[in-house]
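In what follows, chain A forms one complex with chain B and a second complex with chain C.
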Partner chain A sequence: MSENHDIAIIGGGIMGCAAALRLASGGMAPIVLDRGDLGQGASGVNAGTLSLQIKRVRLMPYALKGHEEWARMGDAVGFRRTGGYTLAFTEREAELLTERQTLKAEAGAPIEFVTNNQVLSAEPNLTRRVLAASYCHEDGYANSSLTGQYYRGRLREASVPYRERCAVTSITRDTQGFVLHTGGPPIKARRILLAAGAWLKPVAAMLGVDLPVNARINTVSVTERMPPLFATVIGHATGLLTMKQKGNGTILIGGGWQGRGTPQEGRGEVIADSLIPNLSLAQFALPKLGQARVLRSWTGFEANVPDFYPLAGELPGVPDAFVLGCVRGGYTIGPYIGRLMGDFILGHSPEMPLFNPGRDFEKDAT
Partner chain B sequence: MRDIVDISIVGAGPAGATAALVVGQTECRSLLIDEQRQAGGQVWRAKDRSILSAPATPESRSGDNLRERLAASGVSQMTDTRVWQIERQGEHWVIHTLRNGTAGRLYSRAVILATGAREEAQPVRGWTTPGVIGLAGATALFKQSIRLPGRASVVAGTGPLVFFVASEIRRLGGTVAAVVTPNTRADWLARLPSMMARPDLLWRGGRWVADLMLASVPIYWGHAVKSVSGDDRVIGVTLCRLATDGTPLPGDIGIAADSVCLGGGLAPSIEAAQLAGVAVRYRPDLGGWVSEAESDGSTAREGLFLAGDSCGIRGAVAAELHGQIVARTALRHIGQASASDPALERAYRRASRFGEAMTALSVLRADPIGLATPDTVVCRCESLTRRAIEDEIESGAVSSNAVKSGQRAGMGPCGGKYCQSSVARLIALQENRALSEIAPPTPRPPIRPVPVSALAGDFDYGDLPMPKPAPL
Partner chain C sequence: MIRLVPDHSARIQRSEKVPFTFDGVALMGCADENLAAALMQAGVLHLRNAPGDGAPRGAFCMMGLCQECVVFVDGQSVESCRLTVSPGLAVKSRR
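Coming up: the complex of A and B.
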């Protein structure tokens, strides 16, 4: 026997889950399918930084709205608004900082430039070698490990069915819509939303669509518990460092240093040639970090298209099929853009424009 | 050009050390790495300098003999060295090490991982009270420093280790308040035919039991420790009888003791192999999740070989023979002629048969979670009780990774080594699924915690290989 749903969502990351919740509250009956567990892809292993200072200028309005969503989710996702500093250590980095943060401030982020002394009086354990810095009081973090737990709870509450360990392997059509093959009984749905993160390309290919999705493989590390060393989120002018100390004392270090592996192979590897400079940069910013022991390092796959803007809209050439993913800073923006996507599918006009997946990716989209 | 070793061996226990001796007889460049101060592994652990005059035992004699042979062979050894990550780079394996607070790396054409086993926890009420140590952990105390766990110890666990530990405590002048083993005499009798493969080992085990009986040490067959009492130190334990399927039966027995050696069985150390890309499969008869390897040690990863207890618990004697077999496989891989040796393989099969029978005893009637009450701590690093984990599973976290993410079970310093079997068992129970479907959490490097300063070392800021910044 097969089942019928208004919409099947392939991928139970933050994008798929956030869209599902909006669709359900708007009166549709969605089902969420994930190959693994909910929130164990990028959405569950990312660095959890909610920083406007590292968002793309054009995505700033979405990120600001995203921050509101995170504040509402609050403790259930480990949300903390701590404020954040972005540091520059060389002339070149200082220029980069000024240029980038000015544009981001103009785009609406409450970012200000601060002096070295202001930084050190707020965060006395940081290095004295700060040349320039910016601050944003809106910045903070949430605990990405809780993504799965959180959305499982919300989906259950909203009576949205979800299936874990349920990989979609092919998609066919019948008169009423789509038939999703998973190994178990086929799942039927009038519409589908592809939200398969770094696996969007093979999933779109099941419908004969070639999406130019690539994946980066970012590295994150965590230390053992340490006495309080700093209170805000620390970033670097280049974006190559994010660092925060959690309430339990552990310090999380990210910055997008690249590991090895592809989403197709399914296995990402931490490579020492990335891990070591990532940790060195972190220790340079916070010398006392040297005393901490690293307990775990891992990688996650972050999807993008050549212009590094989101895919959010109709899947080109396939009526009733939609796609959502490839959002840079997608953890921050996910809960909001998922809601917009839900509105769009429900036939409401979304509060902010979406990003046409059929656009020409080689043109500068700005 | 950087230095390239032909064959690196991680782990200098019976498996790794004998592999090194075989490789050492050839022209190829080999290196034996271990985090302990001297070769010997778990079973042949070396004594600390302070107790060198202590009387010899069969273990210390075998260990000394091994260390002498290694010294005479000229095999290069790197002791006090932890391996924290293994990665493939082009044609070579890179072994990342930590020694004296400094990180280093070694390039090798082939790697033999002989990382041995770890001891599983047996979570019962009070198991984290000071005075409770692991059963296998107790052997390390005796061998390294001749320390006793206390004045009157309860020794509890499965298989032969429980009798070895009890007889060692007596030999060193301690008192064994009781031996408690879930195995029954009938379990042992049923294993006799396989044990006849190694009558010498059987005889030695028989002597331990005879010694305990002569000394009137109570042996509780078919029983388990149900709880440990005492607030800041152990004052006693409560035992119960077990049904055939391992569930506790009514009728408690109290025993006074100031220490407990509590064994939860041995499980292969699979992390290093997993990080190198070797898949795992569930083989309860070999100690739980084991790395996929052929009996000659080869794996699906080119140039990577596994030896000894790390690919299934078969004991020291089998490990020693396996090391020699796997060394030959590795030599052939790097192009050295090395014929296989049928006599060696036969001896290994015999020793394996004995070892596997012992492991079967350890698995029998052992339920990693059956004796834990709702308030019993299951994840020690994060102080998580059985109830907390069950609630998480109830709320939909039905994989090891999901429970880890939601509750931090496995995110502490031990990396989940102590709780993952219990968590998997709880998921299996609640979801009515087979344990073979509940894979351990995704492995993460480092294999051992590493200080940031050791990795960062001394560096000039300007030399950091900074990639291009993210798009604006």
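Coming up: the complex of A and C.
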């Protein structure tokens, strides 16, 4: 049986699936392909933080829309709007906090500065050594491990076909569009959207395009279940800590500390030299964390390009090919920018501008 | 079969009782005996509270898996079923 689709989407993470859903609702027939299972890359292994306090200023309008999307997804993705504090412990960190959070507030995030006493009355188990803090009532988290099953369900409801464990090994062209070669019968599509996250570089290379995609190897840890210790999402002025306690009592600790490995080699590895300062900072913020045992630490690959802004638009030099990825704060923004990308491919003008993947990454690095 | 708890039954010194404490209460047990078993012998069944609803918890699987018998020793959380009694051992509960 030959298969013909309006568009093939390579990568079934948040962005690929969100784009597929928008395309389907706009009348196109997409197919989603993933080399593993849906939502098991960065979409499924990140710490699930939804915090406007850690978003880039220029991406704030997208992050605000992203929060609306997560709120709509609600319980199915474990969404909780808990509010969040960002803490500073030293003068230098306090300056950094003031500088960064002021810019983010100006960009539209409802961030306010709060006193040490306000923090401690809301979160009495935090350290007394908070020098300055900001608060955002919009902040919270979702459960990233639910990403795959959530989007699988949504794709089914929308009758969008998807293939899991279906790695594309090469891409050729015919008169109709693209032919995607996999282990099984080739898949034909008039258009193609690359949404392969940290694997974008090798995927784009199949079309002869060199995308300057790098991957960060972010570490996340989870503790055993603890009695309720804090209710909000806790961050640090440097951005090197995110921490939340889930409904089941486990505490999830992130902050972008780097592990080791490359997407090509499979899952990355946790390294002790990086994990220990991550946990130390968490324990400094929440002394009672010292009583908790870490159950597991893992890493996920976060893709980026040199200017750390998204790739969202036409793949340079390849007609009918599109690329979406490398979004800083991609978990938060993914569902929204996926929808924008769908609009763009449908020929509608997206309600917010996309990010030209053909730009000069060195020049635009602001 | 992988033994999570080493078999050292022959090392337990039944003839000699040694003192240890549980939340400051003095107890006696056989040296090198399994700590969870010694606590049971001493009548201590309630070792911790469930983190969610606070319900009492005690030794259950006795092989290092279920985590219900976890106690603090030297400031660390450890499964009491994987520790042995030694003279002066100070055990703190997670109650």
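Here is the rule we use: the second predicted complex is superposed on the first by the 363 of 366 C-alpha atoms of A that agree within 3 Å, B and C clash if a C-alpha of one lies under 4 Å from a C-alpha of the other, contacts with A are read in each partner's own complex, and residues count from 1 in each chain.
Operating definition for what follows: a contact is a pair of C-beta atoms (placed from the backbone, for glycine too) under 8 Å apart; a residue touches a chain by one contact, two chains touch by 3 or more.
In this text, all values refer to a predicted model and were calculated from it rather than measured experimentally.
Undergrad: Just from the overlay, do chain B and chain C fit on chain A, or is there a clash?
TA: clash
Undergrad: Thinking of the overlay built on chain A, is A:Gly249 touched by chain B (first), by chain C (second), by both, or by neither?
TA: Second partner only.
Undergrad: Based on the superposed arrangement, let me know which partner A:Arg293 touches: chain B (first), chain C (second), both, or neither?
TA: In the superposed model, A:Arg293 contacts both chain B and chain C.
Undergrad: Scan A:Glu224 for contacts with chain B and chain C and give back first, second, both or neither.
TA: both
Undergrad: Touch check for A:Gly140: first (chain B), second (chain C), both, or neither?
TA: Touch partners of A:Gly140: none, neither chain B nor chain C.
Undergrad: Mind working out whether A:Gly16 is in touch with chain B, chain C, both or neither, as first, second, both or neither?
TA: A:Gly16 contacts neither chain B nor chain C.
Undergrad: With the two structures fitted on A, what stretch of chain C runs into chain B, 5-13, 41-49 or 77-85?
TA: Stretch 5-13 of chain C has C-alpha atoms clashing with chain B.
Undergrad: Kindly list the residues of chain A that each of chain B and chain C touches, one partner per complex.
TA: 224, 290-293
Undergrad: Would you mind writing out the residues of chain C in touch with chain A in their complex?
TA: 49, 51-52, 54, 67, 72, 75, 77, 94
Undergrad: In their shared complex, at which residues does chain B touch chain A?
TA: 85, 87, 94, 96, 103, 105, 275, 277, 392, 395-399, 401-402, 404-406, 408, 411-413, 415, 442, 444-446, 449-453, 455-457, 459, 461-462, 464-467, 469-472
Undergrad: Using the touch definition up top, name the residues of chain A that touch chain C in the complex.
TA: Residues 224-227, 248-249, 290-293.
Undergrad: So in the complex, which bits of chain A are touching chain B?
TA: So the residues of chain A in touch with chain B come to 36-40, 44, 54, 56-57, 89-90, 96, 100, 103, 129, 145-149, 152-153, 156, 164-165, 222-224, 237-240, 256-258, 260, 267, 269-273, 275-277, 279-284, 289-298, 308, 328.
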